[in-house]
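Shared between the two complexes below is chain A, which has chain B as its partner in the first and chain C in the second.
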Partner chain A sequence: MASGQQWVLVEMVQAFYEEKEELIEDWQPEPLVPLVSKDHPPPKYDVVSGPTSHKIIVNGKECINFASFNFLGLLDNERVKNQALTSLRKYGVGTCGPRGFYGTFDVHLELEERLAKFMRTEEAIIYSYGFATIASAIPAYSKRGDIVFVDEAACFSIQKGLQASRSNIKYFKHNDMDDLERLLKELETEDQENPRKARVTRRFIVVEGLYINTGDICPLPELVQLKYKYKVRILLEESLSFGVLGEHGRGVTEHFGVNIDDIDLISANMENSLASIGGFCCGRSFVIDHQRLSGQGYCFSASLPPMLAAAAIEALNIMEEDIDIFRLLRDKCKHIHSALQGISGLEVVGESISPAFHLQLEKSTGSRELDVKLLRGIIDYGEKNDIKITFSVATIPASYCFSSCVTPDYIVIYAQTTAHSLAQISIDDIQMLRMHI
Partner chain B sequence: MLIRMTESSVKKLSNGDRCYRASNGVKPGKNGCVKNHYLYQKQHCYPEEKIYHVAHNGGLYKRPFNEVFEETPMLVAVLTYMGYGILTLFGYLRDFMRDWKIEKCQNATEREEQKDFVPLYQDFENFYTRNLYMRIRDSWNRPICSVPGAKFDVMDRVSYDYNWTFKYTGKVVKDVINMGSYNYLGFAENHGLCADAAADVTMKYGVGVSSTRREMGNLAKHEELEKLVARFLGVEAAMAFGMGFATNSMNIPALVGKGCLILSDELNHASLVLGARLSGATIRVFKHNNMQSLEKLLRDAIVHGQPRTHRPWKKILILVEGIYSMEGSIIRLPEVIALKKKYKAFLYLDEAHSIGALGPSGKGVVEYFGLDPKDVDIMMGTFTKSFGAAGGYIGGKKELIDYLFTHSHSAVYATSMSPPVVEQIITSMKCIMGEDGTTFGRDRIQQLAENTRYFRRKLQEMGFIIYGNNDSPVVPLMLYMPAKIGAFGREMLKRNIGVVVVGFPATPIIESRARFCLSAAHTKEMLDTALRMISEVGDLLQLKYSRHLLVPLLDRPFETTYEENEE
Partner chain C sequence: MNVGVAHSEVNPNTRIMNSRGIWLTYALGVGMLHIVLLSIPFFSVPVVWTLTNVIHNLGMYVFLHAVKGTPFETPDQGKARLLTHWEQLDYGVQFTSSRKFFTISPIILYFLASFYTKYDPTHFIINTASLLSVLIPKLPQLHGVRIFGINKY
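Right, the complex of A and B next:
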């Protein structure tokens, strides 16, 4: 090579190297979190000081608690606490390991057996966090290329599970079986065009027993019919309906009298009716056993602390002994539903037997900030009069937008069975609420 | 201090520091032997081929960093592949026999009514589970019925159909030495200060909370815990969550999104991988603990920008762990921080195993290297391992935590932590910091460090292949062959020692291992018993593969010398 050419080559390489260094120098990342102005007040939560039960002390003030999911009033039950204490004295607090590595305690095995027996299924599996239950169960079965039909009003943990599974997701209108059938028919025609692919594509329907976002119950018998007609499997999420619906509290399958074997997987969390922490899935061994190796939240996470499992077992005992509490809960729900009807400006959204329902503004003022302010005002007013209710967080599923911030559109009121709460919520209090609107 | 390094070359970072790398994870077997590099001589004058020195690298490392991953012996690798090959053939044979009903099928099957549905599981997905995992399934999921301290009671179970089903005999194997639970500082106990405090809180507050942080679940105890955690770590603010796994998978999506880049270590935990995937950002993987690979990725990313559009990246986030639990290696934090500062990236450090276990006062890998916690943008950790509770936390600047308050999915949708668990963390953390007026914390940290050094040294002297850093309380012992996985677990249990064995898919297929987790609750007698039994089983199963035999040490604490003989 002539020396002139060599020199040019060296210069080019050097220039390129300097260019790289310049690019690296010049690049500025965005700040890790978006900057907030200094005069924006820092976010604060209401501080609860004292035990949570049907009455709580919030920000120093004692209120009647209409904001916790304490449906059966077991949060402050003495038997449950004593059982947890005994367990603490035997096992300590933490389990120091995942289920596979000496994190399985005999309490876990007992709780799984009891839950399976209670729900009349073959097997149950426990998770250490309620949120992670359905979010780990869905990706264990549904993979890339499979098709999942989900109700629009599905809760956030279902949405996260679907996102993790990378399957094709099709939303159908809330509780609209015709819409679902339309989608299933479309799928059938697609299958006829491509039978080879259809033979390996799994299909699932994911619904909730009692929707937390709207307070209604899913039409389970129609779903089971659709299941056998179009050969789709049903995954049922019963966080709110476990311990609430059905004569014995077995959930929406008992409520409708559907054979529990028709549902492929039932998932629930133990944080509502059972007043503990964690979640469980139950169903046939064929289905549940798979999660023991492929449920991410099960294999890669520490197991549930044994005292919480013992508390759940005791709560199950109470549920089995006293069947009347479910009827009592339903009566109270109906009572408060009817008492809150007819407030001008607010409408009650939810089934009459649902213990969690929403108060929604009948007409939106047009701007979200104003709506939020109005709702907040009602909450503060309630607090001044010793009633604690709270904002609900309703997320809009991916078909519209995937947003990670919350959109408070409703106030949620959660009813409880304990005798005190409703006795003290007299009609006068409801009148006061009415006058404020 | 004279310690061996596998291979290194001098590399200058642009800030003038020199960086001596060890090729961890990269097998130095190119010419079949290990290269030694004469870098720094201290006081003795041994002949050159016998001494290996450590890197005291400019200002980056204030203490020697010695991590070793010995190469797999060739014969062992060949035999392991053969073993898996034979198992696979037998697997096909058994499947064939089951298909043709010659052998009874023990698997649970689909319902009659649903036989014409699309099958729920593909056959080949479960091939490994049916044919390999089932044979040695009794090494895992062993139920215990006591507190998981230094010794525990394992429930006895038998199987009459080759591990398809188990029956509990009702007997309990008592006082098994626990080398498997993550109990680094020994806080898993049912009596003592922490347990009493947790018991009080149980009776006062109950066990459940039934509400999210945002609604009614924010107890005063939670706020107290978060202030304490921030003080412990040396950061401005912290936030606690109910599950360590969920901490990662819910918060990484809140911090990065589309248009951002995540650089994640090869061997990151499933929760980090899931969080990165859920965020929607582009993920690139760098070789395990390999700073050159990381720097190359950083440079390429900034210079070339996003794929296809070449627009600049919005943010770059580096995901690393403090201690990697399958390898026992410690992240090279000083170099990562130097790189992060140079290239203006953000660092997410997952200290699940290293918080409480490393550092002179248990404050984790940042204190171990003597660095400033403010250099790490997001410090994440869990309370399960060293604090004997459950849950996770994130610590960092005040703006970060304020942002997570409103935008973290976990705070908005997931139930808050149970009060007795919170109390256990508060008490144990105060104990570690020494604020409860006793020296328990200090003593335990000291005991753990001594146990670690002693145990690792002894195992290496015996001739086992041990991976990882000399200071990490996680000790992986290589088994390689599939039959030895099951055999090791069973033989150790017969001798009253509970160990954890790991195989595929948690590790590469031929590198199955047994993993010991040391604890401050282990006394020297327990460790000696364990070592004796391990040596016995090692002779029985021929596990002493190491070709780099160490001459047993003279009795000296920490700074020690040893000679090495290479064959």
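Right, the complex of A and C next:
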């Protein structure tokens, strides 16, 4: 390279550096978070420290935990913890591979077998994330052009599953079997007009055993009748009812005495009663097996860490050994439910045997903001007095569609009624909660 | 797309006709069919050519224009469920090289058949009808159209 050219290059580099310095000098950084108005303050996050059980440390303050899905108190159970630790020493934390790709451990197969046995179905399949269970199971069966009838109070993970399925979705009014039958009849007449289309359309009813948004139980016997009358399949979401309803905690099928083979698919979260991580689906082998290649959450997620599977097996052991825990849970639910009745201005929404229910304003103040403020105030007051309850923004689709049934804001009480130690949530606690409200 | 190696197609049907050697395989298959028919003792040469043409067109009609969807499970929630293989080809883009190839090949076969049957009227009518059955569904104007609701769902 000639020296002249080299000089030009050096000059260019120098000029570039000067320009860069200038640009850096000139630069005024924008704030990472823009200023917010006083009407819309940034959300305040509660910081939880330490393990959670019937007591919880929120913002450095110990409260009674009324905001937990750990219904059976298996989260801080010594036996479960020990089993998890033993498993951790044996397997480590897992391979981080999906089930079909070096991710399957013997505990996974054992857990699937145990769950199938517990639910008295042919087969079970486990997912690594509770939310993804039903959200993967629905699109595995229901495709474009298929029709899904769904309760309008269905939970968020069902809604996501329905979106992912790309199917035609028809909402029926919450727990309203007449409305569902009306929709099914509409479809029946459509089918008669176009039988060729009907032959290639799959139909499903998606319901929750115990609705997280309302605390209600679905009328399963009626649903099964409709299923056989109109030839639809039932996909049942049992995240809240598994390990809660029924004498042996098998969920809403046991609660109503419905034959579990009449339900095409049952999906449940293992993050609530079972106090582990992940979820499972159970049913007939030819139904469940389909998910092993078509359940996106099953195929493409890393498998459940083996120690969590071992913990779930131990939790199942406890549930099988002692069915008294379910009776105790029911008693406590009923107790809390009745203890909270008759508070002026607040309404208890939900079944009395539901371990999660909503405290709702009897009369809305007319504006959502004020409602939220009021309920937030109650929660803050509870927290000041060592009671932790939580806040839920309604996800009922109807509340966006029909102004007549706007019930926007709730306080949710997930009654954490630990079965093994009566002292944990005593009558005094409930009295205290009531007093403060 | 090459068959047998990893690919990232959501629906492999879209590009399978662009795989390496697929045109050659197809031509060899048709040639093979012709030779097999020729080796049958009682068939005269014109009959064999008409048979080759008719069987080829029947096969093409069934696999490209009648059967819908995919033989494998696709992660697109059944987007191709109502589309024939011809409509899925090259993501539905018209006038691509593989579309041209599969349009021209039955025409060439038709010319050959007509020539070897010495333009006998009976053979001619059969061959023409058979050709039209695979040419008409290939028209871009008929992409996704189901005349009289035939094969709609």
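Going forward, the second predicted complex is superposed on the first by the 360 of 437 C-alpha atoms of A that agree within 3 Å, B and C clash if a C-alpha of one lies under 4 Å from a C-alpha of the other, contacts with A are read in each partner's own complex, and residues count from 1 in each chain.
Everything that follows uses one rule, which is that a residue touches a chain if its C-beta (ideal position, glycine included) is under 8 Å from a C-beta of that chain, and two chains touch if they have at least 3 such contacts.
Just so it is clear, the structure is predicted and the values come from calculations on it, not from any experiment.
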Per the contact definition in the header, classify A:K231: touching chain B only (first), chain C only (second), both, or neither. first
Let me test your reading of the model: by the given contact rule, A:T253 touches which partner, first (chain B), second (chain C), both or neither? neither
Classify the contacts of A:P305 with the two partner chains as first (chain B alone), second (chain C alone), both, or neither. first
Looking only at chain A, is it chain B or chain C that touches more of its residues? B
Who does A:S165 touch here: chain B (first), chain C (second), both, or neither? second
In the overlaid three-chain picture, which partner chain does A:N213 touch, first (chain B) or second (chain C), both, or neither? neither
In the overlaid three-chain picture, which partner chain does A:K197 touch, first (chain B) or second (chain C), both, or neither? second
Return first, second, both or neither, reflecting whether A:G145 touches chain B, chain C, both chains, or no partner chain. second
Where does A:V48 make contact in the superposed view: on chain B (first), on chain C (second), on both, or on neither? first
Regarding the shared-chain residue A:L35, is it in contact with chain B (first), chain C (second), both, or neither? first
Going by the contact definition given at the top, which residues of chain A touch chain B in one complex and chain C in the other? 164, 199-200, 293, 296
What part of chain A is in contact with chain B in the complex they form? 20, 23-24, 27-30, 32-36, 42-43, 45-53, 56, 58, 65, 67-70, 74-77, 80-81, 84-85, 88-97, 99-106, 108-109, 128-132, 141, 155-157, 160, 163-164, 198-203, 228, 231, 233, 261, 269, 271-272, 274-277, 284-287, 289-290, 292-293, 296-297, 299-302, 304-305, 307-308, 311, 388, 390-391, 393, 404-406
Enumerate the contact residues on chain B facing chain A in the complex. 108-111, 113-114, 116-122, 129, 133, 140-149, 152, 154-155, 178, 180-183, 187-191, 194-195, 198-199, 202-211, 213-220, 223, 242-246, 249-250, 253-255, 269-271, 274, 277-278, 299, 302-303, 312-316, 343-346, 377-378, 382-385, 387-390, 399-400, 402-403, 405-407, 409-410, 412-415, 417-418, 420-421, 424, 498, 500
Residue ranges of chain A in contact with chain C within the complex: 139, 143-145, 164-166, 196-197, 199-200, 293-294, 296
Partner chain A, residues of chain C touching it in the complex: 73, 75, 77-79, 81-82, 149, 152-153
